[in-house]
Each structure stands twice: as C-alpha cells, then as structure tokens.
Amino acid sequence: MKFADLRPIARSIREFRPWRVSPLYYGGFLVIPAVFVGEPTVQFSESLSETDFVLNTFAFLVWGALVMWMCAGFTMLVSGSVRTKNASMICLKNIGLYSIAGLAFFFIGYNLMYVDVVDFIGSFTLMYGPSSDELALLDGDDAALGAVVDQGHATMSDWFFQMVFVATTASIVSGALAERVRLVPFFIFTFALTAAIYPIVGAWTWGGGWLAEMGFQDFAGSTIVHSTGGWAALAGVMIAGPRLGKFRANGEARPTPPSNVLIVTLGVLILWLGWFGFNGGSQLKLGSAADVVAMSNILVNTNLAAAAGVVVSLAVSRFIFGRIDLIVGLNGAIAGLVSITAGPDITEHYWAIIIGAVGGILCTLGMKLLEKVKLDDVVGAIPAHLIAGIWGTLAVCIVAGGDFVTQLVGVLAVGVFVFAISWVIWKALALSPLGIRVTRDVEELGQDAGELGIEAYPEFVLMPDSYDGD
Amino acid sequence: MKFADLRPIARSIREFRPWRVSPLYYGGFLVIPAVFVGEPTVQFSESLSETDFVLNTFAFLVWGALVMWMCAGFTMLVSGSVRTKNASMICLKNIGLYSIAGLAFFFIGYNLMYVDVVDFIGSFTLMYGPSSDELALLDGDDAALGAVVDQGHATMSDWFFQMVFVATTASIVSGALAERVRLVPFFIFTFALTAAIYPIVGAWTWGGGWLAEMGFQDFAGSTIVHSTGGWAALAGVMIAGPRLGKFRANGEARPTPPSNVLIVTLGVLILWLGWFGFNGGSQLKLGSAADVVAMSNILVNTNLAAAAGVVVSLAVSRFIFGRIDLIVGLNGAIAGLVSITAGPDITEHYWAIIIGAVGGILCTLGMKLLEKVKLDDVVGAIPAHLIAGIWGTLAVCIVAGGDFVTQLVGVLAVGVFVFAISWVIWKALALSPLGIRVTRDVEELGQDAGELGIEAYPEFVLMPDSYDGD
Amino acid sequence: MKFADLRPIARSIREFRPWRVSPLYYGGFLVIPAVFVGEPTVQFSESLSETDFVLNTFAFLVWGALVMWMCAGFTMLVSGSVRTKNASMICLKNIGLYSIAGLAFFFIGYNLMYVDVVDFIGSFTLMYGPSSDELALLDGDDAALGAVVDQGHATMSDWFFQMVFVATTASIVSGALAERVRLVPFFIFTFALTAAIYPIVGAWTWGGGWLAEMGFQDFAGSTIVHSTGGWAALAGVMIAGPRLGKFRANGEARPTPPSNVLIVTLGVLILWLGWFGFNGGSQLKLGSAADVVAMSNILVNTNLAAAAGVVVSLAVSRFIFGRIDLIVGLNGAIAGLVSITAGPDITEHYWAIIIGAVGGILCTLGMKLLEKVKLDDVVGAIPAHLIAGIWGTLAVCIVAGGDFVTQLVGVLAVGVFVFAISWVIWKALALSPLGIRVTRDVEELGQDAGELGIEAYPEFVLMPDSYDGD
C-alpha cells in the first residue's frame, strides 16, 4: 500500500475527487482516436496524468529539500544557544544525527512506518527502494509507464520527504539535552528514535494504523513529529538532570544566555523557511487545482501563525520577563509554527493567527514552568515543540473538524508511548558503562575542549566562565 | 480584478497571446468528443489549463519562499554590519518587522493595494482570503473547478508572494537606521510602512492605479520596493541624525567597520539567492513556454547584473578608497541587483551587465556622497536601494522601451509621496513622548545591553570601544 | 546543437524513449480534430509538449538556484576554516570568484564548452543569448512556439544551470590556497579556469567531444567539476607552498584548527542542500515520469552517500586521529557527495552508501597523506574533491555500467590537462611581477589587515597568534 493512500481517513474523504479516478471522465476522449486510428488509447489518459505524476514527485523533492534545510536551522539555533564551550559538540551532534537518521530510516524505519502496516507496526524487512515498475521503466520498458503513473508519485520522492521528517524529530532532542549529554549515547538514542520510536508512531497515524482508523488528524505532524521529539527530549532531560550550576542553591534558575545571538536568529529564520516545505509538502500532491489552492492556504497560514507567535510572545515577554525578549520572540516563532502544523490547511486565515498566538503564549509560559520544576531544557525545545504541539493538535477540533476525544487519545497515546520507551532507553544508557552524562571536569571545561578536542572559536578570548560557581 | 491582469500596460501588451485566451484555439478538440460521447466538453479545456493553474501557483510559492529568505539576508547583512553592541537589537528588529509586515499586509495592506483600486488606492476592508470558488472547490464542489482555474493562480499564492515583497521594503529601513533608533517607534513606523505607505505606492502601479495607466514600468520593483524602502530610510536618517561620534569635529566620517564580516557576506549571498525568486517570480506566470523563456532570461540577467556590480565596484573602490574594498563590493552586488529589478526581462544580456555595473558605480559614489552631506546610513541602504533603484527605473527607457517622462514621473511621485509621509511619521514619533532616539547612555553602552538586555556574543571579550571619543 | 543532446552516449541510450519523439505517438489525436474543424493540428501536439518544456526549464532554474547557493556554502566553509586574520579575504575571494566565473562563462566559456564542439573545443564567439525562435516568441510571434518547444527547454535556463557549475569548480580552488595567495593573481587564475580550462574539459565531455564519444560517464561531474577544481588547486598548492609555520622543523604538521566551527558547519550544510540541485538538476529534464523517478533516486542517493560519508569518517577518525573528529566528519560529508556525483542515478541505494563511505575513508586518508608529503591544503579540498572525485568516477564501473578503461582515460586525461595548464598559469603568475604569495609580513599579520584593510571581527579580542613561531 502506498503512503499517500493511507493518511488519516478524514483527510482521504476531503480529498476524494471522483472525476480524478473515474475512468469515465476522460473516457470521452479515449474512445474516439481509437476508433479512427487504432492507437493504444490508454496512452492519452496516461499522458495527461503523467503530468500529475511529475508534479507530485517534483513537489516532494523541492519541499523535501527545504525540510532538509531545517537540519541546518536546528544546528544553528542550538549551537548558537549553548555556551561557547559546547558549541562545536552541537555541530557534531546535529550533523551526526541527520546522517544517522537518514541511514536508520533507510534500513529499518521506513518499512516499519509505511510498509504493510497492520494497526501498530509495519514490516520488519530491511531497506527500501524503487518499485519494480519504476525499475522496468528506467530500463526502457515503456509498458511500465501506466503502472508507474498510477502510483501517483515516484516511490523514492516520498521516501525522501519522509526521511527529512524523521531527521526533524531527532533534531528536536539535541537542543534540550545540550551541554551535558555525551556524544556516543546521544547517537545511540538517535538511532533508536529514528529506526523505531518515530516510525512506530508514524505507523499508527500516517502509516494507516489504529489512530488513523480512529480518525486522528495531524496534517504535518504537530504531534507525530514535534511532540514525539519533545517527549523524547523530556525523558532525556529528566534522566540527565540539569547542567551544573543551572539552578542555584535557592532554587532560582541562573540565566544562560545564548553565546551567539546572530546564529540563533539565523537558525530560526532557516526553520521558518524550511517550514514552508514541511507544511506545504505535506499536501502530498501538486497535480490538481485543489491541491495547489490548499498548498497556498497552507503557506499563508504557516507564515501568519509564526508571525503571530513572534508578536504575541514579544508582547507577553514584556509582562512576564519585564522586557521585550528576543529569545522569547524567537521561540514564539517556532511555537507558532509547531501549533499550526496539525491543521495548516484551514481556510479562515485569522484562525491561524489565533492558533499561532496562543502557541506563542503557551511556549512562553512553558519556559517559565520548566524553570519552576527545575527541568533544564537548554533551548526551550520542550515548550516550543511538545507544549505547542499538543495545543496545535487539539486546536484542530476548533478549526478543522477534528474530534476532541480522538485528538486527545492521539496526543496521550503518542505521549505515553514515546515518553515511556525514551525513558527506558535513556535510563538503560545512563546505567550502562557508557553513561549519558559527561564528567564534572568535562562539563566545567566544556565538551568542546574536554570531549571533542575542537573549540568553536579557538582564537577569540572568552570571558571567564562564571556559571560554574554560584 | 485580479492582480496579474493589472501590471503596467506595456507588459500586458507584450504578454498578449491570443491563442491562450481565444475559445477557438482548443475549440477544435472540444467539439468532437461531445458529439460522440456526450461528456461535458468544457472539462477538457479545464483539464489542460488546470496544469497552467498549478504551475502558476507553484511558481508563486517556490519563488515566494526564496523571497522570504531575503529577510534572513537583511538580518545577517545588518546585524553583521553594526557594532557588536547593537547586533542583537538588529536581530529583534528584523524578525519583528517581518512578522509585523505579514500581519499588517494581511489585515490592511493587501486590500489597499490590490482590491478594487481606483487610481490612488484600493479597498479599506479588513483581511483577505481564498475566493469563494476556491472554498467551494475545497469543499468538494467540482463545479467550481472551472471558475477556479480561470483565476490563473490560487488567490493566496499571489498574496504570499506580495507579502514577502512588503517585508523586503521594510527590511531596507532597518539597516539605515541601526544603532540609534528605539525599538518601539521602529515597529510603529514598520506598521505604517507595510499597512499603508507601500500598499498605496503599490496601488498606483501593480494595483492598476494612475501610474500603471500612464504606462509606468517597474517589473519587479526597483522603484516600488527598493526606492520606497530607500526614501523611508532617508527620511528616518535625516530625523534621527547620525550616530554619536560618526562624524568628527572636523566633519570627517569616522570608519565604523562591520563587526562580523562573515555574517555580512552570508547576508549578501542570501539576498543574491533570494533575488532569483524576487525577479523570477515577478513574471507572475509559469504556464507557457513564453513565460519560462522570459523567466530564464530574468534569472540570467539578475545574476549578470549582480556579478557586474561586484566586479566594477571592487575596481572603482581601488580608485576612490585606495584599496579593493570588500564592503563596497558587497554593496555593489546589491546595487546591481536593485538596478536590474525594473527590467530584468531584457533579451540582450550585455545590457544587464552594463546596468548592474553602472548601479555599482552609483552606489559607491553615493556612499561617499552621503558621508559628505553627513547622513549616517549604517549599511549603505540608501545608495544601494534608493539611488540604484532610481537608476534601474530610468534604465528601462534604454533597454526595455520605457518612456522617459513616464518613468521620471513615477520615480518622482513615489519619491515625494514616500519621503513626505515618512518624514511626517518619523517626526511625529520623534516629538511624541516615545521619541525615536535612544539616550546617550544607551547609545554608548549599546542597545543590546542598554535597551534589550541580551548581548550578541556575551562570552567574547571585546575591544574597548574607541568610537565615542574623538 | 543543444547541450542536452550531447551528454555521453551511454546516457543518451538509456534515456531514449521512442514514444516521446515518434510523431506516430500522438498522431492519432492530431488527425481527428483537423478532419472536423480544420484547426492547425500541430498545436495540440505542441500544447502537450509545451508542458514538458515548461517543466524542464523550471527544473533548471530551481535546481540552478540551489547550486548558486553552494557558493555561499564554500564561502562559509572556507572563511570559517581559516584563521581569523585571513577570513575577510576569503569572503572577498569567494564573492569575487563567483562574479568573475559568471561573467567569464557568459563572454567566453559557455561557447567554448557547448557551441559547435568538434572533439576538443567549441566556438570562440563572444557572449551567448536566447535563440532566435525564443526572441520571436517573446516578440509575439506565435508561429515560433513550435520551434521553441522543440528545444526541450529555454536556452538560458540551461546556461544558468551550467554557469553555477563553473562557479562551483572555481570555489574549490579558493579553500586549498587560502591564507597566503594574493588576491589579484587568484582572480586572474579564476578567470582562466572559468573562461577556458573548465570549459575545455566540459567540451570533451558534456559538450559532446572526444571523451563523450568514447562513452565516458560522469553524470553530474565527479571528474568534470570536482576533480577539475581539485587538480587546479593541487597545482596551486604545489607552487604557492605551505603557509609559514604549517610544517615544523621536524616535518610535523602544526594543527591549524578552524577559527569558527559554527560557520564551517553551516557551510557544509549549505553544500549538502545545494547538492540536491547539483545532482538532481543534472537529470536535465523533468517532463516525463521516467525523469522524475530518476531524479528521486538521485536525491536519495545523494543524501545516503553524504550520510555514509559522515558516519564512516567519524568512525575512521576515531582510529586514525584518536578521537571522533568533527572536521573529518564534515569533510566526509563532502567526500560522500563528490563520490556519488558521477553516478547518482543508480537504483540500488545501498551502493550509494558504500560509494559514499569509501569516499569518506579515502578523503580521511588523503588528508593524512597530504600532510605527509607536506602539501598544505587549508580545508582539505584536494582529498574531498580530487581524490573522492576520482573514486566516484571509477565507481561508475561497478554500479552504473561504466567501462573501466574509458573511465580511467577520462580521469587521466582531465587530470593531466588541468594539472599541467594550471601549473603553467600558477608558475607564470608566480614569476610575474605580481607574484602569487603575500609577503612574510602580510602573512604574519594576516591578509585581512595586511592586504585588505578589513578585519573579519574587528571588535573581538584575539588570542596571540602562536602559529608563526615553532
């Protein structure tokens, strides 16, 4: 079964267009030429929908490339947010996680998520590749054209688009756990997340499993991508514990401002751009007018939600933190983007503004809340991806016809599953000889000098580090 | 009336292709099947042009995403150009202005610019959204397909493309006024610019108003976008006054080199990339061979003009400044890009080189001139966008058949209007309790520490600031 | 002759699809309407393939824009890799080389490479432009439509795509020669490389010359682009000699870590993204299902090879350098990308992983080897582009049916030609009054302060430079 046919039922119904699938539609044209010249008349029909095939596939590739670019966004966002002494390690973790995610998804993950899914999980076969019809077509067998075109899009274009999504999920974890988690256990967790945890959540939903059958709606992944990353991060944060000195003896959180604000801002703008691919490409088709109308609305809503997230977060920060706070505003952009991701195809655009604005507020409050409960999430990944992701998934009930109970079941099921299994893996890693936490010496010195041996800016004179004392 | 039908007359004539609009063209095909099978024959015609619709819309989205990326370009260009102590504030101003621009254009600006324009201004209605035919189509009403396809593109894809243009206009202002203008008044001016000033200029021209009726030509906005931004910046620069210590007692300008040259260079390269979307997308259509031939010429000319701007500016800087100057070269790229923007669809490519080269020279001379008249434009936004924008608009007369008087009227009308209204707004803000200028203490300390509370690179040790003394 | 028709023979055969070119294919449809309504029947045929034309052209523009973005990738990669004191100079060199490459290719290079190629070289005419049919079409002559559509794509869209390739070749040289080669001779060499050396190699291969006739396969340029850049860099490195103090008296290489690791990482991620355009666009067509199936496989293989390059390089670095090394991993990504570039359209994806992994290993070993033979390649451009490029070109024999002798002839012919002519030019420049090497004083002080007068980060306090002593 092809992925595109398996999105949640609500969506399938919405997209059902009988004139596209009915053989009667083009039939009028097909008959005539055959009568007169004896050409294989099916060719004409194929010829027309071959354009759809081309367009659908090209959209996956172009939008997918933009989503890959989000990997750079996360890398810049996090490496600029941490203290200088840990910035190179983030670069290594993030380029490594993107690579591991791509390989793990190729060998294992995609099949678990999309191939022969029955309720909870797909196939345990290894590797994925072009369809046999595609191979025949590439080998010059013209007779395969019809079967290829009937796929709707090239097999691997869909794989490519899904692969950059799993990488996004893994990227979310990196930021929350920065500055104290060791490299190798981080990579091991990344492998587990991208080979199994995310694909299983995906099998339940986009793969056509039990949540899809219930009617759970999550257009581009507020829950499936962003909350999944957020829950995995939360489990890690709880087990790894806060950075040395993050919380003072009196319980107050010590500020740890970003070491390179320009790079953080660049990272957020990269994410904003990439999100057009993330949400726009999740339309999954480009071949019809209805598809591109929807895609246009999606890009507009994505942008409006992010803009509202920024403006409202800045305003709120004035009250909560006492000043207009750039970092809160940047997180507000991300929270707005995450919030709209579950239902960006709504047609009343002011709702996108409201959803993004509420997402920005919840994220800002969430940052405060995490500090209160002494969870140390270095970049605010949990408020921006987990909390805003939950909000966005529930907001679908208001604006896009989602059923509240179903949405809640989806949020909770994904939350319990991802959090529990992540907790077990992080705990097992922590108890293993590897451990997950760097030594106190390395943490004080920084992972760059202490674990990696490459400093981020070796020639700049740094301020004496005042975080480790009290 | 739809935007795409309202571009300047000269362009409409050039694009007039009777075989595209004539019902006779496809007529031959439409009749036959109906005779034999009784299918609704209009479907075939729609089916063909549905592909045009898809392509036109997708081009708006893809090129529009690249134009959004220019926001990151301006953010990097300016935040790297200012002194370290003000770099975070630029990040905040630029992500804020992009957000405000998007919301202001949604609620007010687009309607003023494009809806029911009569001569000077469009509609005062609030908000914008999909057409009723599009809503019907998305709701599953197949009968709406024909009317949707007749639009030529999805309503909100055009909105998205126009929205990123207004954000570009606003971005230009940020750089010129950096390092001394307060945040809140800057945001208020941004709102006025993007909700009203730019949309009114747009109504005169792309919206089909009086300048369009005169035959004013400005393909992608040398005047409409870039000079508009430049005039607004000029008014602000005159009212805000120069940075403390920028001009010595003897009238000489003190050099204020960029604090992060790599980030400035990155910003320019981002803008260069984004400009392919800016100019290429301004073809407004992708559906025909003629459109993509034009679009190809546009991208080539855009690149040649920028390259010529760089090379000539570097050569000229050798004579004017005594050395090959990177910053002059980077500004030369932007000046070349701005210069070609009014007529990038010319078919003799060497003219693009000449136009870009002259733009580069004028920008370089303009940078010198501004210093002479003691106007402090931190990044050279006025030479690069205003002066090169005027040149580009007039150059259309040489290469693309523009009428000199008409072009001059357009340049002057836009200049007088934008400069005057911007002056009034900046002056009113300056005289209000808000003020527009930071205090002397904040300016010496830097806006990052003094106004924002977030330093750009808090851990790097900075050179003692030597600008404030003489 | 058009470029697209002249790719190596093996490729032409693979792409030969009779149903696309046969007039009989659509013939059935063409006859009928004519019989009944007398419409010019050729229009229908054109109308269908006009969509192919549009799609082919649009793909060149979109993927070409991504390849232009690689210029930013190289600029960031190299300017972050050099020591702070030379970083501005890299920014200047790289924006300059992109500009020079574009102009040189417009005036001279493209014609040498693609116009009337006979065996070794094309035409010596100056400048390039749209076809006369395109000009007629843009002037409103509808009768030209058929001839334009028969081109397969807009003339200048192909030019644009080829131009960004030549800029990539030139970018490779910049990194290897950083920190000691003077600006003006570097620009002179860039002009020679982009106006003549690369175009001649291109004429032999993609231009349809003698190597293409032999059946040499290099899909997107492992040899033609990357090895060409690598050989030119190698000649320059040998003549310019190592940086002062790079090799200690005892022959040991002194480490020269990147001065800005975040910017280096950003550069690599930009290159990774751009490579989707580089390899994907090299399919040269988007109009058929077979094209987009191939393009999808290409993007997937490109990503898998890069990911494998990263993972394997990191693992290998653990053994060779004693620790997991970020810089080795980043170079591994590039080596993986270069390796797959000669045959990214393979359908068994695990081969892409193997090819990329081997490329990563060879690059890592190559970095060690260069140090042993005392060649100072600042960013590892020679291992990543030359060595991995040779490997990738030969690997085509294993996975994509290339003939080993033919591939080897191609590798050697290009190597001998490019290395020899580059050596002569670098030597002539070195012996000329210009020289190619900065003075000892300038090298110690840095090119930014000593030659350019613009420091990269003028406000940050730098560590005292400890490289020049022993």
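Lettered A, B and C in written order, each chain numbered from 1.
The working rule: a residue touches a chain if its C-beta (ideal position, glycine included) is under 8 Å from a C-beta of that chain, and two chains touch if they have at least 3 such contacts.
Predicted, not measured: the structure shown is a model, and the values here were computed from it.
Under the stated contact rule, the graph of chain-to-chain touches is complete, every pair of chains being in contact.
Comparing the residue numbers each copy contributes, subunit A and subunit B share less than half of them at their mutual interface. Centre-to-centre separation between subunit A and subunit B, using Cα means, comes to 31 Å.
Touching two or more other chains at once are residues 32, 51, 62, 260, 266, 457, 460-461 of subunit A.
Residues of subunit C touching subunit B in their complex: 32-34, 36-39, 41, 43-44, 47, 50-51, 53-54, 57-58, 60-62, 64-65, 68-69, 71-72, 75-76, 79-80, 87-88, 91-92, 94-96, 98-100, 102-103, 106, 127-130, 134-135, 137-138, 140, 142, 145, 148-149, 154-157, 159-160, 163, 183, 260, 263, 266, 452-461.
Of all the residues in subunit A, the ones that touch subunit B in their complex are 14, 16-19, 25-29, 31-32, 48, 51, 55, 59, 62, 66, 83-84, 257-262, 264-266, 268-270, 272-273, 276-277, 280, 286-297, 299-300, 303-304, 306-308, 310-311, 314, 323-327, 329-330, 333, 347-350, 353, 457, 460-463, 465.
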